[in-house]
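So, here's a batch of structures to check.
Each of the two complexes below includes subunit A, the first together with subunit B, the second together with subunit C.
Moving on, here comes the complex of A and B:
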């Protein structure tokens, strides 16, 4: 449970429901520990609805248990008829009407476009995300599996997919939207807290659907600007002999056919851009850390880590070569 | 003297009755030995059907345990990603298509005739054909997992994943195997609608119908409108997979969302199709154990009809996250809320009944109470996810997994378990023991909640559905482990139930007659049941005849009602009018045959061979299926009786033959064609869907099928229809030559029309693989021409029947039904031509 939900302004029943779940609501991917305007509105809607749901459940089941196991004798059939009329016909439309009005009143703000804010394009591909930021200079910078956002700003997302249907979802910040081939869908989010969160794919997209996650870093606006500027710059040259050999091996073995490293001759577009891969919080769509050892594992046997992945295994390369490539890539901060 | 005469009469009476019983039991005997499998009677077919769908249920349950084992701990490697994906796809598909829908059809085939005091359903061979198709298709689909080629695209099979990115056979097995089963489901729906409308006992007006029958009527009608869109979708899908027609490929104008619409127009009503029959069981069980008639009969009926109706208007709530405009989100949110209202009414009617009655404890009622507790919670979470903003978070997470299992296990599995305990003596003559029932209930109830209650929170913590694994550091592990433990407790409960059902009960005495003191006709039979079902078909005067009519059982057994005898040694049952249930015909129903099994085998072959793209074998199999069905129809239907009418008892004499709208065959044709039209309408929906999503559709007017050939085709086909109509008229006038020439000319015009219809797109060079526009034109043309081809077979069949003397001026079922079919052909061809040739002029 997030602390704000135990503050005095929270409702008593809310704490009551939450009590058995203390600690069960938190996590980097939790919808109940909101860190964005949209997620907060939806979480509030959820708590209200669950409160009412439990109340209604209690009344209906209490009534059923009463007439069956507590007082199974015959009751007045006129009362029974009133029960149908009241419980079945009159009350539900009222309750549902209020709920509908409350729930739908959130729609305009949830789907509010981020008119003049930052616009990020995200493409869901099997099984990673291509993320494109516009740079202040008017260009674009491409990265993968990591979304960084300035806190307190409404950010728009343009969502596409070149292959199958995926979805884009950052539970801590707000709801999800599908990424559909042939269409561009939109989403806007407004983070309210600085921190690292997790995003996931919710639409089944094939073998490694489970392994298509990403990190979301919400930063102070200044830090964000610095970061974006740094991402827009070309890759730093290799540091040290091993990394230098790693860069050579990377280019010699054709890695550049699929991957781009700005500042080198590698300019492939099929796979993730690796210009600053070492600065990312995860490798292979949220499955591995970005240390040299993980790069080695990934390059040698990507299919073991992510079944069905498009990248071929490079375990035919000599181990020292893999090691040097891994060292080089992990340095690309 | 008086005494002696009396006893003499009594002896006469007994002798007469015994002779009646001998004659009556002869035609209704179940075949013995290996011929047992040729049985078509509802009690045998219903039993096989029930047992088979339970076996599929257990199979899918084992798949669920495999999934839970895999998810017990994070980053588990018990199942590979591919295997897991196959397992969850099959789990969903089998539960929905091989258990959820068939179990209701199975139960209904078994108990509906008994409930209506009928001896059988009107088309027993159709039930048998449906059963064999279901068995073959089910084994085919389930078996695929043992070869590692099971479908792995989810039970919803969203393209383009399944059309362009899954090379294997899996998707084809899903499409063709399940299409085959859907056809069987449609056959059962037709059978059950006609059964409810036409085979009721005299006096059972529509307002006296047992609630179960009302629900079955509603559900069968829903199937008629819900399954065809999926069959149409399957057709588009398989055309894309097999022949590269780009219906769902955005690079050639297709759209993956079309599939989602077609799938959910089927998929949402589907939920109610499997939920309402389970509630129907509750509606029969509750009054029995409340010892009083249902309170609010009309409310229940209205609510059932209302639920069925509304359920077709909320499919898009499965698509809230596809970027629908706010206005659609609001509409579908409201519609999804609205469906909760009739559902609530039904629940309160049951509560009111228990309240007003004297509640008696029993295992079935315990399951019903448990079902209520679970289902109401599922309904409430359903209301929550129906609100679009909350669904943006909950959609495709474990919250929805929890919600749907609360709805389906509470709304289907628990009522079915209650129904199993309740109806078991009706099927076998013996009661299930109470103690294992309580054990099963508590294990299932506790296990269920331990499994699925935590899943609400797993979902809210952000765990998406359909993931084969999850990372250790995001807090999913504890809840998942609890769910896995719960799943095994639930499985233990199911195992107790299964053991109790299978336990040999040879020494256990038979239950007493009407063991639960119920009020409805299905409890009229003796224990164990006799092959004929009811000794005589009673005159019904109330909703609960066994409570309302004293001495009913005695009078039925004494043969004092209708059809106490089978003088001609034929299987007979009564046909009554749709609303008032006045007897209008004594229907002879067919007996055991293997031909239905052969027909199902060949039909199955056509689908199964097509999966492997062995088109020659598939075509041959389809041809054999056609021949088998023709032989079946030729030898088994529309038989001319040896006399016009017969005395059915109580001084009523009824005709043995009826044609036109009084005959059951005409109704079956009409209902089938309604289903057929809804499949056709779904294809048209596809055409106009593309028109709405594209700025230019049709893309280039010059590339269409043109005007000339389609208009020629329309004129020729109109002629074929008129000729068919006229020949029916000439047959009535007993002018065989005019009839033959008329129908022959109709057949010729039909063939010419088919060719002209094909000529339009063909001569204008429409290539269906190039763009979605020619593909949609071609699919409408193909649909129409295949139907006309069937119409051609029918025309020739009628000519042959007439010349073989199997159809006469008076006995004209065949041509009447074929004319009815042709009315629908006139609509189909007319609309096809208007759309493919006329619409481009407007657009």
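Moving on, here comes the complex of A and C:
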């Protein structure tokens, strides 16, 4: 063995170089910084597993060092045999059994529906998410690419997909559940902290799989109710001449065949609902901000931003018209 | 290591194993494990599809899988016991690698015990989910 591998100085350097990697342990998309009841359970399981893994590693390496450096001579074969049988045959099934039992005991609560609580339906589609909330009046309101939740309440999710298998995962709040065509899978989450988190698709679903993210906003219950009421209302009329021309161009160029803007004649259902698109924290499933400039980029060349996207490029429109549509959409708060 | 015993002079008083031995006892442990998995899976799937429904209770399926598990574990225990008897034939110790019918007999017995042990643990793991999960969800 190369002696430098065991020199403490070389280990010190390695540890120092690896230190910046710890930065990845925090942030809006980290299982190690839980902000929900379910994520806390998962994080606890992770820490227990890591602790025991380090303990087992220490014992194994300790034995190896003992027999090669500290007492490098023949050992009692009976003791060695029991050590091998115990550590190699008996202990692993026991450890795995305990881990399996602990993991399984978490499952019922992670998928328990919030019977009387809020039920949100999410459909994963290439490469965005259609989100449906029930409104207080008994109807539903369709939004896209953003999930808002009231803090301290258990919320149920019904997950599905019309095309390929996607996955619904908000690491800060809980576990990961697949969205499977032809099936409805369930998940429930109970956020404990107000904040903005990030969700991702964790099941490879095609070219723009990595660009299928969403923001998750956890709000105070009162603020959530106000937000939902506002989202259920029709779009506000365009403000100013440019936006007014933008609305006309939006309707005249057939955008309404795929997109809906409640309160106008645009009622398409293929693409995301745009009634309040300007109020969202991101455009194109977590890819761009929602300012007028980003809308312009998206309308002109969606395929450059998100390869394989179904929306055609509208760069054949005159630049002022694209600008006016972008202004109109960014105003839809 | 202790010096292992010789292969041949141990068979006195017992019938010497034949030159040809069946491999079925060796495969019996894993086969029982497979049978348990398929039975449990099919029972739960049919129940949830036809009776329980998407959110229904697993109900009697948990008890049925418990009965499967008890029966299959007893079967695997018998396989292990018979393997142990073969492994202990005569006085020779592992690794049973002499080219003689008696050592082949012991080797097959020892391998049966190991595979049986693996199947026993695996069957327990397959049964574990119904201890914690009560619904078809």
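What we mean here is this: the second predicted complex is superposed on the first by the 293 of 333 C-alpha atoms of A that agree within 3 Å, B and C clash if a C-alpha of one lies under 4 Å from a C-alpha of the other, contacts with A are read in each partner's own complex, and residues count from 1 in each chain.
In the analysis below, contacts are C-beta pairs under 8 Å (C-beta built on N, C-alpha and C of every residue); 3 or more make two chains touch, one makes a residue touch a chain.
As the structure is a prediction and not an experimental result, all values here were calculated from the model.
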| item | value |
| --- | --- |
| First (subunit B), second (subunit C), both or neither touched by A:57 | first |
| Subunit B versus subunit C as contact partner of A:123, first or second or both or neither | neither |
| Partner chain in contact with A:77 - subunit B first, subunit C second, else both or neither | both |
| Contacts of A:247 with subunit B and subunit C, given as first, second, both or neither | neither |
| Partner chain(s) touched by A:101 [first = subunit B, second = subunit C, both, neither] | second |
| First, second, both or neither for A:39, with subunit B first and subunit C second | first |
| Partner chain in contact with A:182 - subunit B first, subunit C second, else both or neither | first |
| First, second, both or neither for A:174, with subunit B first and subunit C second | first |
| Those residues of subunit A which subunit B touches in one complex and subunit C touches in the other | 77, 89, 93, 96, 100, 104, 107-108, 111, 186 |
| Subunit C-touching residues of subunit A, taken from the complex the two chains share | 77, 89, 93, 96-97, 100-101, 104-105, 107-108, 111, 113, 184, 186 |
| Subunit B contact footprint on subunit A (complex, rising order) | 21, 24-32, 39, 41-42, 45-46, 49-50, 53, 56-57, 60-61, 63-65, 67-69, 72-77, 79-81, 83-84, 87-89, 92-93, 96, 99-100, 103-104, 106-108, 110-111, 126, 163-165, 167, 169, 171-172, 174-178, 180-183, 185-186, 198, 200-211, 213, 286-287, 307-308 |
| Subunit A contact footprint on subunit C (complex, rising order) | 1-2, 54-55, 117, 121, 124-125, 128-129, 131-135, 137 |
| Subunit A partner contacts - residues on subunit B that touch it in the complex | 80-82, 85, 152-154, 158, 160-161, 164-166, 250-251, 254-257, 292, 295-296, 299, 303, 321-323, 326, 329-330, 333-334, 337-338, 340-341, 344-349, 351-361, 365, 369, 372-373, 376-377, 380-381, 383-384, 387-397, 457, 460-471, 473-476, 478-479 |
